[in-house]
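Each of the next two complexes has chain A plus one more chain, namely chain B in the first and chain C in the second.
For the complex of A and B:
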């Protein structure tokens, strides 16, 4: 365990240096990440205001709270590694990673956390600005803030595991772009990116409750807004834990099978 | 006349190159359908809660999505890839080969790279737009269609000029590829009518990154929201943009030293 910590410390240091070298690229990521929730926020506040102030149980202020919380939750949970798996395998970049005495997932976790630490210094002030500028209203009680931290803490490994395992599909398929895009589309609908899940037809809500997507993003956001009762929160934690346990298993199987197939192209 | 023939030839060459990779058609088709599906579902979701969004009816917003796809396709077909190629050419010095050719360099760099499968985006956009117009019924006469055509052409000309100006900056700043990514993010915001955004964002999308002219303004023309004066202003602005881009391109060219030499 302490050896792994030392690995992470070293990785953090080098990653920080690498990522700080590309500040321009960082700024560009940020514009995309920040503009998206602003667009949804504006659309839905317009709808709410047009309908006399509230729609589907959300007032304009609650929409603002929803999409700013979404910005934060997405910032802390999103991963990009699955987009690069194909490239890594095709170009043989997995070979040096496989030679290291730790599982390559740790390399990506460290990369991911470093990027979030860096971008977080800007995303958090932006979120605060949005809360003020759009008059976001929260009905959160103190216990729900604690519950939000736990939900977010579980959503991070959940989404990371799911997307990392998805990326490993590149061991079998040479062009994974279409699969990744299909995943992103499903994610957009079922994890509450497009709109709060409460606004969707009941059938879609039922599907969303069974699949893992809601538990990666929408659930922590709903907890942050104070819209869930204690028993709903506990059930959510259980769903998150179950999915994490399941995905760890799947990831291990997929990874073992994938590395056996890996033939180090480009080596 | 000769320059038109040259541009056509260059374009045809690009198409022939792309045609070698036919499997990409299926992938592009899938991507286009997914992106239009997401956009339409977003509109449907909004209109399941309301009948009007800032005065816009559902069919009008479906039409907006159609225009969004058409313009995205036109940009992705030749303008964006050519501008990327231009910036790369400045960095690597390969622009030299283009400049030594006895034809207008701006024309050559503007049609240098063709991504033919992006035409699928245009086709999907046209289908969506036609569907929306049919749903709008008899309210679209030939006058509006004509205004739409002019304003759309003007909007595309404005964005082309804008991108050329951005790409020309590569003569001084060299590493600029990422600036097109910013444009992509801003373009996404054009999926909704510009009028719903708060003033600062509206200004950004009209003046800083002129996305509004290519998407919102044409659909406003089609749905009869535009005054003659606004149409005239848009066309005048397009002309100004074209002239400015031309001037800036030639000015930038004088600063090009050729990385390979």
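For the complex of A and C:
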């Protein structure tokens, strides 16, 4: 365990150096990360104001709270490695990672966390600015703040595991771009990224409750807004934990089967 | 009690399923519905042992199955059939205990982070392999000295030349003091001086650590300098396993004798030469005071004696044929011991 921590520390240092080496790219990524929820925020607060102050039980101030929370939750949970699996596997770039006495997932977790820490220094101030500028209204109790931290702490490994395992499809399929795209579209709707799930028809809400997407993004956001009762929060934690346990199993099976098929092309 | 071999391979086999279709639009649309694949045998069931401390050369033309074998032994590839143990581990289970004791160095690939100074990659590997600070410092000093790395470690990898990159690649791969080294073309694309330096380093490392090394190379100089024993593989089958001199004796049964005659001496008549060489077909050339003969290994002494007695010899050289020629002969002759399989190829 202490060895793994040392690996994370060292990886964090090298990764920081690598990401800082490309400041331009970093800045452009940041603009994307921040802009997406701002667009939704502007659209929905405008709609709410046009509809006499509220849409589906959300006031303009609550929309502002929703999308600034979403900015933070998405920033901390999003992953990108699944887009690179295809290239890594097709070109043999997985080989050096497979030959190290550390599971390759740790490499990606460390890269992910480094990027989050680095971009967090910008995203958090931006979120605070948006809260003030758009007059975001939170009805959050102190216990809900603590619950939010837990929900977010569970959402991170949940989304990471789901997307990392999805990426491993590239062991079987050479072009996984289409699968990843399909996943991302479903994710966009059912994770509450586009709009709060409460605004969707009940049928879609029911589907969202049994799929993992809500538990990756929408649930922590809803907790942050103070919209969930204690029993709903506990049920949410249970759903998150169940999905994490299930995905750990699936990931292990997929990984073991996938690396058996790996042909280490090139190197 | 005899020591266990470091590497033990039995019936190791790897086939790849490769998609196959004719050229053209018709075949492309056809393949939408029916996918044809073909089984390609990369390694066709080979057996060998490598003892602790040995440096063994793995020879064969492109696509012979060398790299595929190294990938299986390092744990990157699962075999289709057969067994192998390296240091008592089954490589493709990729136990961390095994991965921490071996290294695979590929001349055409590198695992260093491109944008940061080499020393940062070294630090990362120190953590990954759990090397203590003390050992790390001592080993870095040693590697910097032996490989003449100097200031290279402070430069980003992308600013290094090919040869410099190879040196740091080797250094980073050896930081954890592996007991088994798989070297795939470690000197490819390097100039002669750099090749020699890396060769010398591999020999030193082996001597100091007693590590076991399996090495592939297209440069015979590497093999001659480092490997007493060679494995020759062709179309996935092992054609020869034995010492390098034995390989030469077996596949190049002739030696070349070059005689430089005294200046101004009359050139020998063809008849005289035939008598000395023991047959007209043994004369390769005779011009400008130099006579070249190619004679069976067993006749070398007799022919040399006759030449010295009958000709005004100024200088005499007896040569083995170049090892490249010998290897060509092995591949041309095809069968030795093991029956070659139908197809060879790397993935």
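The working rule: the second predicted complex is superposed on the first by the 267 of 267 C-alpha atoms of A that agree within 3 Å, B and C clash if a C-alpha of one lies under 4 Å from a C-alpha of the other, contacts with A are read in each partner's own complex, and residues count from 1 in each chain.
In this section, a residue touches a chain if its C-beta (ideal position, glycine included) is under 8 Å from a C-beta of that chain, and two chains touch if they have at least 3 such contacts.
Just so it is clear, the model here is predicted, and its values are computed rather than measured.
In the superposed model, A:229 lies in contact with neither chain B nor chain C. Residue contacts after overlaying the shared chain place A:28 against chain B, while chain C stays out of touching range. By the touch criterion defined above, A:7 reaches chain C but does not reach chain B. Touch criterion not met for A:203: it reaches neither chain B nor chain C. When both complexes are overlaid on chain A, the residue A:43 reaches chain B alone and has no touch with chain C. Of the two partner chains, neither chain B nor chain C is touched by A:256.
By the touch criterion defined above, A:99 reaches chain C but does not reach chain B. Across the two superposed structures, the residue set of chain A contacted by chain B and also by chain C is empty. Across the complex, chain B meets chain A through its residues 27, 30-31, 34, 37-38, 41-42, 45-46, 48-50, 52-54, 175, 178-179, 181-182, 184-186, 188-189, 191-192, 196-198, 201. Interface residues of chain A, counted against chain B in their complex, comprise 24-25, 28, 31-32, 35-36, 38-39, 42-44, 46-47, 50-51, 55-56, 175, 177-178, 181-182, 185, 188-189, 194-195, 199-201. Residues 16, 71, 74-78, 94, 96-97, 99-100, 103-104, 106, 108-109, 111, 113, 115-116, 120-121, 123-124, 126-130, 156, 347 of chain C touch chain A in their complex. Remark: chain A residues 3, 6-7, 9-11, 13-14, 17-18, 21-22, 92, 95-96, 98-102, 259-267 touch chain C in the complex.
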